[in-house]
Amino acid sequence: MIKVGIIGATGYAGNEIVRLLLEHKEAEIVWYGSRSYINKKYADIYQNFFKLVDAKCMDDNMEFLAEEADVIFTATPQGLCASLINEEILSKTKIIDLSADFRLKDVATYEKWYGIAHKAPQFIKEAVYGLCEINREQVKGARLVANPGCYPTCSTLSIYPLLKEGLIDPATIIIDAKSGTSGAGRGAKVDNLFCEVNENIKAYGVASHRHTPEIEEQLGYACGQKVLLNFTPHLIPMNRGILITAYASLTKKVSYEDVKAAYDKYYEKEAFVRVLEKDVCPQTKWVEGSNFVDVNFKIDERTGRVIMMGAMDNLVKGAAGQAVQNMNLMFGLKETEGLMKVPMCP
Amino acid sequence: MIKVGIIGATGYAGNEIVRLLLEHKEAEIVWYGSRSYINKKYADIYQNFFKLVDAKCMDDNMEFLAEEADVIFTATPQGLCASLINEEILSKTKIIDLSADFRLKDVATYEKWYGIAHKAPQFIKEAVYGLCEINREQVKGARLVANPGCYPTCSTLSIYPLLKEGLIDPATIIIDAKSGTSGAGRGAKVDNLFCEVNENIKAYGVASHRHTPEIEEQLGYACGQKVLLNFTPHLIPMNRGILITAYASLTKKVSYEDVKAAYDKYYEKEAFVRVLEKDVCPQTKWVEGSNFVDVNFKIDERTGRVIMMGAMDNLVKGAAGQAVQNMNLMFGLKETEGLMKVPMCP
Amino acid sequence: MIKVGIIGATGYAGNEIVRLLLEHKEAEIVWYGSRSYINKKYADIYQNFFKLVDAKCMDDNMEFLAEEADVIFTATPQGLCASLINEEILSKTKIIDLSADFRLKDVATYEKWYGIAHKAPQFIKEAVYGLCEINREQVKGARLVANPGCYPTCSTLSIYPLLKEGLIDPATIIIDAKSGTSGAGRGAKVDNLFCEVNENIKAYGVASHRHTPEIEEQLGYACGQKVLLNFTPHLIPMNRGILITAYASLTKKVSYEDVKAAYDKYYEKEAFVRVLEKDVCPQTKWVEGSNFVDVNFKIDERTGRVIMMGAMDNLVKGAAGQAVQNMNLMFGLKETEGLMKVPMCP
Amino acid sequence: MIKVGIIGATGYAGNEIVRLLLEHKEAEIVWYGSRSYINKKYADIYQNFFKLVDAKCMDDNMEFLAEEADVIFTATPQGLCASLINEEILSKTKIIDLSADFRLKDVATYEKWYGIAHKAPQFIKEAVYGLCEINREQVKGARLVANPGCYPTCSTLSIYPLLKEGLIDPATIIIDAKSGTSGAGRGAKVDNLFCEVNENIKAYGVASHRHTPEIEEQLGYACGQKVLLNFTPHLIPMNRGILITAYASLTKKVSYEDVKAAYDKYYEKEAFVRVLEKDVCPQTKWVEGSNFVDVNFKIDERTGRVIMMGAMDNLVKGAAGQAVQNMNLMFGLKETEGLMKVPMCP
């Protein structure tokens, strides 16, 4: 039984980690960390766990946790994980960091986009970017996994095969992203009130969203060159789900079958990436509550572009689910353990 | 492995049965019946099952099914199950009927409220009303289970202990119910279009909803006398969830502890009924996707009434989940098998 | 041109007063008071007013306002209006208070339910309860109007005629109310975040909501005796709208026409109360954005009760619209001026 | 008083025309045409008009209407208007067609994208494309106005100034559009049921949506050359609102002020187009219920692209409001008559 400590258990991602691990056969949660609710019963914060979780919220004592837990999930704001870890901790336990602290390999880029100094740059090189479908082998041996951002997960998986196969021009990539509101977190802000979000749609972080360099770095690995792209997220009046609509110019005339073959090459054996049938557009409701990413594409012969689409649940594959998938890999478990949830609809 | 046939697999309840059974260890679905989509791939109707279900939709051939399946779920409009079953079928297989055909013991009442002639009145007496928490033992031996309606499940469980213990006056019961829109089914009707339901609330079936006699019958058993009550359902702009707010006059001066003891007496050992802590109101989001019913109450000393509240997922405990719970009981499985889903929020 | 000052212009009710007055021919806003946003452009807080309102937010200087404005709307938390007014101010200007400070005639009741000491009890007697349809004549001559609460407006108008005509037993009244989330205000609270409200329904303030004594007082005037009733509000995942479902025992056997006649007696000539046709249930979407209250009823002969229903827009007839209606009456304008908005749907 | 006949009065656009005209001082509706509801009271179909509209629905007798009405609005499916009009009708009355029949100047393009034969190609040349801000003068003299599509209105207004001024490369335009569900109409389709749309987002009509050639034609006029672009609409779980996020490569290095000046050049004097302040992103809620289009832009120096954004209410400026604006122009009224609605929020 893997002992799991969670730091940041009362955010939406933390809450989702708990939901998944309660149904996971090989893991048990030993620590519900939440600075905001110390000593409060966890099930009083999230009543869905009434009679299912009896524990109280604890502080974020990582030294203690390093002794007690086999793995620590940090579902906390940027900067916290980097400020807490050190060699001693990493020598005793594994860490899956859901924040952005170890996602970018270039410190300067991190500090520029996030506006804070990096507290533990010495671990950046070691950290493995936990996009399981692409970095599976490295994840298996990692002590420190940087769990990918929600938008980068869906964007990268939607675009990766075509870029890797040289079918699209990296200089032409435009990603128009749409996310449910749980991605904005559980902080009490006017902008996220029901009446502000409901019956509304807006873009935000236009040309400045922090997930941009993360996507660019990952896609850069795919094509072997520096990638600059446009990424525009939008806030959608729904709880869960991310939809990516990405555009790029094709490098040559290709058929439906050519492009389909590229997707299949990378995803045919993947448990969690579903390449949909011809002309079926991904919809977030078909993946809700699950760890699936549904991808598909459409060639536009008139403009010479391909439209790439991806849908996933931002709290599962975009956060907690992928974190558990990484844990499974790191501990040599079946990769799908605890994650074969059937999407729930309506 | 229990072989399950589903008639009406493409309604919302049918779809939910499939979701639950795919994660059930002791059952497999051998028949996806759907008159409307014969020969279409089931996963083309519900894309959440893409790569999870390969089967095609079949007709509703109950004779054939009686041979092939250990149990048949009928998630179909009123009248269909009654028109299809006969002694030969019941001698070969078990039936869990999610329609209202066998819920009411009085044929005349059925025919009056549903406006159709009952096609198989000879089986009404045998049929067991599958409200597991109350009729557990009878369900275990049943061939034919009438799976309770969504409103009656939540209403009865919320009110039952107080009525059974004589704490409330049966003549004063008023049930104000609120349901998500999945309860209205997947039929293409203008009234259920997004733009008609969203940003709107209305009562419907006022003083005439068909679940009224079903609730009255069940509560009548609890107090040993005929019950007449008011039941008013409302349509809420959300997908899932039922909330019951019920009112009744207390028969005597009681304390919080007295009433709490009544609920605990009946539900303390129940896996799926959670009596909440003092002053915590049930909310549908805390049970979404799960088989739980959360109940609680508030005494109003000013008026001498008690307000009883219950929340559940109409598609799970209100339909598919309770059906699977009945199946588990009928086949001697662990009652919670396949049903210990953690509620999903947000 | 009536000069209007608004204190609390950046709440949802304040914002709605601005919307209505911008299209009002006889009034102009001279003061956008908002303690939280002093010196910020009003249209920066509510971008709907971009290019329509150029003013900046001001402090809540009531002395100054008394000189400058013909009428002051206070759309502020309980206690503020009472703490600011005095005889000098009332001698110079009129006040329409949207808070609860002057709604209850009994100070002790106010202090018990609101938990604060009343700062200006000397004006309670003078204040007119601004439910225009019932207190029209008194409003015309008032200096200080207590604008009714949202729930009390809809509840009282739905029940008043039957109680006044002696058709229902006051001891049996139960009001089950449902409100859109704008009623909860624009404060940044976790409970009102999109992800907490969406896909959810709950009761709140059960047996303890502050609007209870207000409704009881008003209905008490109708039947000439003290009324105690149950009032249970619910939070609905929609922006606007209140629906009231009220229950009471009939005092005698009555026909549809009898009850209809009672409603017509009081509302036939009213511009803003619409008694719907037989069997049509009020829906909030049919009144959205307008000052209408739609009411109707259903007799249940089985139980001897009548179900009374009312729907209105909580921000219009439940707050800003009724405040403007009161202003029209107080200044001798046409009562409907600026208020004949056609409901907007979908 | 202008006499207005509406053909297709019971669709969402028709319903919105009625709402707007009821508050219009110079127009009265003399004909509520609706083939589906002949002889039914209009207010029975749309209860918001209860006590406001007494008329019954009529057939679509255009000959009769040509005699009786000064202008006919056709809010009907593609093909109907073209099949009904002729020279005699146009000699007697004016027509504002909300369908696509007269929007495209090239018959072949129409027939290819809409898949039907054009029934009245002889009037295509005469028809004026009623995008008031761009074709104001032609509209004033028109007998037949093709009211623009919802997506083309918002897309064209968002992009037009930059293209006209040569600031962007027409070959690089990508439009990612998001629409509320009222754009899908009031037909009873499973895809538009509440439970299918709520908690979901999807793209549709990818690389094949019929509004593509309409946008291309209009933008082609702006830059004087043939334009091919990508247009991808998405269905959003909200009732009203369209948001356009458009991307294009800048033709040269420009400053914020340069681009702002281009927008101001075309829109500074426009009543209904609001160029927002720097860094403010358009949101659909800020224009809901109004005829405004809010536009803004963001330069991305990293990629050399500009992101152009526009938000409007699809039923007002995207349909009924623009139709009334066209009517005002055609009859020499003040262009804003009946249209200066303040956006309603929340």
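Which chain is which? They are A, B, C and D, in the order written, and residues in each are numbered from 1.
Quick note on the criterion: contacts are C-beta pairs under 8 Å (C-beta built on N, C-alpha and C of every residue); 3 or more make two chains touch, one makes a residue touch a chain.
Nothing here was measured: the structure is a model prediction, and the numbers come from that model.
Identification of common neighbours of chain C and chain D yields A, B.
Comparing chain pairs A-B and B-C by the number of C-beta pairs in contact, the larger count belongs to B-C.
Chain centres here are Cα means. That of chain B falls 46 Å from that of chain D. Distance from the chain A centre to the chain B centre is 36 Å, each centre being the mean of its Cα atoms. We define each chain's centre as the mean of its Cα atoms; on that basis chain B and chain C are separated by 38 Å. Each of the following residues of chain D touches two or more other chains: 12, 182, 195-196, 198-199, 237-240, 283, 285, 288, 346.
Touching chain A in their complex are the following residues of chain B: 12, 15, 18-19, 22-23, 46-52, 182, 199, 239-240, 274, 276-277, 280, 283, 285-290, 294, 340-346. On chain A, the positions that touch chain C within their shared complex are 12, 181-182, 186, 188-190, 192-199, 237-239. Those residues of chain C that touch chain B in the complex are listed here as 174, 176, 178, 180, 195-196, 198-204, 206-207, 228-230, 232, 234, 236-241, 243, 245, 247, 281-285, 288, 298-300, 302-303, 305, 307, 309, 311, 346.
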